[in-house]
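Please see the structure below; I have some questions.
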Amino acid sequence: MTDMKRSSMLGLLVLVIRRDLVLAMRRRADVLTTLIFFVMVVSLFPLGVGPEMSMLRKMAAGVLWVAALLSSMLSLGRLFSADYLDGTLEQMMLAPQSLSMLVLGKMVAHWMVSGLPLVLMAPVLGLQFDMPAQALGVLILGLLLGTPVLSMVGAIGAALTLGLRGGGVLLSLLVLPLCIPVLIFGTGAVEAVSTGLSAASHLSLLGALLVLALVFTPWVTAQALRISME
Amino acid sequence: MAINWFKYSAPTTFYGLAGKLIPWFAIPAAVLFAVGLYIGFAVAPVDAQQGEFYRIIFIHVPSSILSMFLYLIMAGYAALGLIFNTRLSAMMATAIAPTGALFAFISLWTGALWGKPMWGAWWVWDARLTSELILLFLYLGFIALHASIDDPRRADRASALLAIVGSVNVPIIYFSVKWWNTLHQGSTIKFTGTSMHVAMQQAMFIMLAACWLYAIAVVLARVRSIILERERNTVWINELPEAKQ
Amino acid sequence: MLEVSNLACSRGDHRLFSGLSFALHPGQIMQVQGANGSGKTSLLRTLCGFLMPDEGAIIWRGENIRELDEDYYAEMLYLGHLNAIKDELSALENLRISAGLSGIELDEKEAITALRRMGLRGRERLPTKVLSQGQRRRVALARLLASDVKLWILDEPLTALDVGAVALIQELVAEHLARQGMVIFTTHQPLQVAGVEMRSLSLS
């Protein structure tokens, strides 16, 4: 055991992402319930407001975005809790690389498991609402830029509420207000193309939020985890 | 002569200091409230366009201003507590939150009261009202997180981090809501600011000062009770005249 | 090497210990003793940097661990009450991942060798949820074999282990000390290491 192979920072990032993806594959039910919840919430709206197509077309983007927001809240509770309960989180904090990097890995994996399926499902649901192709395209692009932000901002809430009673509800209470800008720009983009304007400014603002989140949230989440582990 | 400010950053000394300061803020607050409300509701002239209804702004505007500033001050104390690990700063942040939430709530309520006669609806998705609502949510999140953590140190530190994240987010939220509002061409609260009567300005200023003084007095009182609760097992608390009775 | 000076810790309002000082040098082993609730685990968790001490400092190679941060973590290994293994993963996957988190890339052959030495022959590819408590602890302890760090911090390493496994851990600890490693640990079962003076630290 004299010369052990050291892993690089990037190697560790890949390790965490792969580990979380493997775990998600072995607990497929969790991933599926989030997706089914998303589909169900979206499908409930026409039942609630009536099947009038012109109204549904107008509501579509908002409904899909709000549903995506809610279903990502559902899966956030699990982001750190399993690792917290079985002691893996302790070991992550003792990793010889920065905790922010590991946290970023967990965020990426979380998005691939809970955000990406929503993005892929959105076109089908958009058709339920008779969305025109162009609006649908912008919606998907917006979701693609916005759902990672939800995972990243949500991770801060997940870290702060780690191990608390009623953590799930509390988590939503903390995170939802912080996600409002994503909702506004995401739905605004669709509305812009529907009224014949360009969605570029909305989408670039979403992109800016994504960059901001990428820069700051891993570090903030790492600090939150340290506070919660005390 | 240098004053040792750090002396007052210890809960022990601050407890006594706060107790002495409270009347100096509470009494002027009460007086200014009385004067401000009198000028606002009896002296200030009727507005040409809005009639008597506009008078609610003497409560609405100061509460809105206070709710926003208090959030920033709360986040500031939270940051101090997190960086320098000073217990008193964290206690201050905790003490400010309920008052800030109260002002946000009053601002929403008075906004609704004003909206009914002006717009014919209790609630209009105006940019400022919407931002105020989100601000109330942020306050509630802070209070809820602090309340759900049993260990006071973790509670202080976790909610401090949330307050800082929230304060970074406030400008983004405000900007996005404004953007959303102009896109949907919603209504905006506009007062006839160009021809604001002197009495109106006086009333507004006095009410704002009264709100500040009230907020300081209440926060000091709340900090005192937080100190009592946190330090209940220490010697100095048990030697206080209040505790001996 | 590891120096603790004037350390004080509390949980909530309760002061666990204060004025604690000691130094641990290469090749030394120290057992932390004390009744339940005397702060043994808290002391070890403070040494890991999870808990912030109320007072005092923890110095590693002349520098505070707060400043060293990741450089300190690269030289220590902590084994807590929790095994940090996933039910859904096999023993092999668990070991490779936990070694990976501590910065060491273990190939499959090395990992299997380590697991076999821990007495898990034939169990390497089973999901850990079908293993017994003792076997799961062995998977966690296999990390000791897949590591070359200086400082071991072990919290109750012998729980759920049978006689054979206890002997094996004693052997591993002896090897580690012979390599000029350091060990600080807690236990309720006796742990004997031949030829080394066992220092002890009492918390009361």
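Residue numbering begins at 1 within each chain, and the chains themselves are lettered A, B and C in the order written.
We adopt the following convention: a contact is a pair of C-beta atoms (placed from the backbone, for glycine too) under 8 Å apart; a residue touches a chain by one contact, two chains touch by 3 or more.
Please read these numbers as outputs of a predicted model, since none were measured by experiment.
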By Cα centroid distance, the chain farthest from chain C is B
Centroid check, CA-based, most central chain -> A
Greatest contact count: chains A-C
For the pair chain A and chain C, the C-alpha centroid-to-centroid distance in angstrom is 36
Chain B and chain C have mean C-alpha positions lying a whole-number Å distance apart equal to 49
For the pair chain A and chain B, the C-alpha centroid-to-centroid distance in angstrom is 33
Within chain C, the set of residues that touch 2 or more other chains is none
Check: chain A positions touching at least 2 other chains come out as 230
By the touch definition above, chain B meets two or more other chains at residues 151
Counting only contacts in the complex, chain C reaches chain A at residues 48-52, 70-71, 73-74, 76-78, 80-86, 88-89, 93, 97-98, 100-107, 145-148
Given the complex, residues on chain B that touch chain A span 134, 137-138, 140-141, 144-145, 148-149, 151, 153-154, 157-158, 161-162, 165-166, 168-169, 172-173, 175-177, 179-180, 183
Note: in the complex, chain A contacts chain C through residues 1-2, 4-7, 11-12, 15-16, 19, 22-23, 26-27, 82, 85-88, 90-98, 102, 226, 229-230
As the complex stands, chain A meets chain B at residues 156, 160-161, 164-167, 170, 173-174, 176-178, 180-181, 184-185, 188, 191-192, 205, 209, 216, 220, 223-224, 227-228, 230
